[in-house]
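Chain IDs A, B and C follow the sequence of writing; residue 1 opens each chain.
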Amino acid sequence: MIRDFGIVWTERGLLLNGLANTAILSLVSVVGALLLGFVLTPALMSKKPAVSRAARAFVDGMRCIPFLLFAYIVYYGFPSIGINLDNWGAGLLALTLYNAAYMAEILRGAWMALPRDEIEAGVAFGFSELRLFRRIILPPLVLSAGPVIGNQLIQIIKDSAFLTIVALPELTHAASSIQSRYYVPFAAFITAVALYWGLCLIVEAGVNVLRQLADARR
Amino acid sequence: MSAGDIAAFAQGAVVTVTLSFAGILIGLPIGLSLALIRWANVPLAAWVVALYVSVLRATPLVTLLLLLFFALPNIGVPIDPYSAAILALVMNTSAFNCEIWRAALMNFPRDQYEAAQSVGMRAGQRFRRIVFPQILRNSLPALVNEMSLLIKVTPVLAVVGVVDITRAAVRIGAETYEPLPPFLVAVAIYAPIVFALVSLQRWIERRQVAAEAAA
Amino acid sequence: MTTSNPVLSVVGVSKSFGDNEVLSDVSFQVGKGETVCVLGPSGSGKSTLLRCINWLERPDVGQIHLNGEPVGVTSGGVVMNDRRLSRIRTRIGMVFQHFALWPHLTVLQNLMEAPVQVQRRSRAEIRDEALGLLAKVGLSDKRDAFPARLSGGQKQRVGIARALAMRPDLLLFDEPTSALDPELVGEVLVVMRDLAREGMTMVIVTHEMAFAREAATRVLFLDRGRVVETGAPDRFFSRPETERARQFLQRYAGEGASSERTR
């Protein structure tokens, strides 16, 4: 067993590369999903029925299909309607689109929970548009939605592992190839599990910081 | 799609539903047991459970599945794809269920429990008649949500050779060189099941809110 | 009643919410240094009138002028863009019934936020002024606290200081003590009375009859969206001219008397 871990250690470059790819995938997706979410949320709450219904259909649709299936559709199915993406492109697109739906719901919930009075005070004091959003709306929104978004980030990190199916060189894929080459399944996958765990602990630490900031102001 | 394809989908659907059911049914009581161990603060065991839950909630299902499927035979425990699938599903969902049950247990009003003690109820009775019905009611929406999440991760079981809906779709797509239609059929099978569970969850939540408002 | 160069001029303002006409042809003026108390039963449109002044609500018809400058609609009849509206709003301070302090900022930061971000004044200058205002309302020791840790009375005093930090031409108060526990009302009214004495131009929507009687230079009585009566507080409270005003004062006489007793 020690020998197995020794083999994994010699291949640590591959594993760390996989870890980096997982981190990059997750970070880019969470940012992209949040940005898309900021577009979707107002659409969800729009007074124009065409817009709100389309947004609602997208959000509910994404929440009803398995992510792996969606990734398959983007990677294998899209080419037949003319959209050809390599595994990185398909992976990023699938991860971002899928989680944008969840982010939209999270942001909508946080927005509805924001007290109206304080935003109105901002307007009364002359804040408008971008400045109102950046300094009066966004900070309380981040503090209240932060922990939930953090949980979604953990979900994204785990979903990224599914992309091993499309041969994306993320962490699980790296562990798989070490396993198949050297027949050290336990050492390889346990190490991967430990690395995933470490990533999640980092995210949870960040969420705890946000929680403390929010509690001081509650 | 030919009749054979439809049969393949039907077979895959049966496998998916069976494995999901097994995962859900076994995972629920195990999750509850884990939650009780933590809640009762059983020395050492509670700490082990906490570690187990923390790691499993951070581990992607596909990684866990590959670990079990390849590592267990390596240390002398032979395992077939379907058993590995159920084991992975159960380990994964029990960790999430543990946290759901535990949240309800921690929110359980202490004085109700003490009232039960003071009328002489034994521990087993206390749990069965006072604690369990209420934490079940409180946990129901989250538990149903976890069920829908479990169904949504079952496609990954194809990785170890389980012939479920997704694998059927992949195979048919590879044979017909038209990957999109079978995937859409797979979506058409999954989506109503998940949607039914999500609707059930919303219905339960609405009923509970109404019951509380009436109280 | 007209004054030359009024700070606030409201002419012919009407506002409906759907079928419900909340304000009907309301006109009045406020001169510099005046303290106008707007009184009336619930649903009389008092808050709506106040919120029309800084265009938090859009009047359906009517004109509003601040020191001669139009608010909301230009003299050409065009609705103002956000930027222009925001500039006018910085000259109208507002104190809210539920305080509306920004929860993510400390007390001092609450005072400094709008002057720095909207009026673009220098941080150092604002800081000194804000500290002075906090001392004035008696909350210097709370400057680094978050609003959630303050009592209602403290929050409202911060709200007043926050409005003052903008150096407004006019201060609007929307039922400033209605959300406070009775024992906290006094500390806020003291600050408001001092402001009135110092010559701040104020329009106050309130239910505090004793305060209105003592601090107002003029009283505006609103009922069902119309200005029913207006005049000096002494005369209004002792010899109201209209029946509606008489009924209103009778109903509130008990409450006014009891709040007198507790103070």
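Heads up, the rule we're going with is that contacts are C-beta pairs under 8 Å (C-beta built on N, C-alpha and C of every residue); 3 or more make two chains touch, one makes a residue touch a chain.
For clarity, every value in this text was computed on a predicted model and none was experimentally measured.
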Contact graph of the chains (line, ring, star, complete, other): line
Closest chain to the centre of mass proxy, which here is the mean CA position: A
Pair of chains ranked first by number of touching C-beta pairs: A-B
Chain centre separation (chain B, chain C; CA means) in Å: 57
Computed distance of Cα centres, chain C from chain A, in Å: 46
Where chain A and chain B are represented by their mean Cα positions, the distance between them in whole Å: 21
Touching two or more other chains - residue numbers and ranges from chain A: none
Residue ranges of chain A touching chain B (in the complex, touch as defined): 60-61, 63-69, 72-73, 76-77, 80-81, 154, 157-162, 164-165, 171-172, 175-176, 179, 183, 185-186, 189-190, 192-193, 196-197, 199-201
Touching residues on chain C, where the partner in the complex is chain A: 54, 56, 82-83, 85-87, 89-90, 92, 94, 96, 98-104, 113-114, 117-119, 146-148, 162, 166
Chain B to chain A touching residues, read off their complex: 54-55, 57-64, 66-67, 70-71, 74-75, 151-156, 159, 166, 169-170, 173, 178-180, 183-184, 186-187, 190-191, 194-195, 198
Chain A - residues contacting chain C, complex: 115, 117-118, 120-129, 131, 135-136, 139-140, 143, 216-218
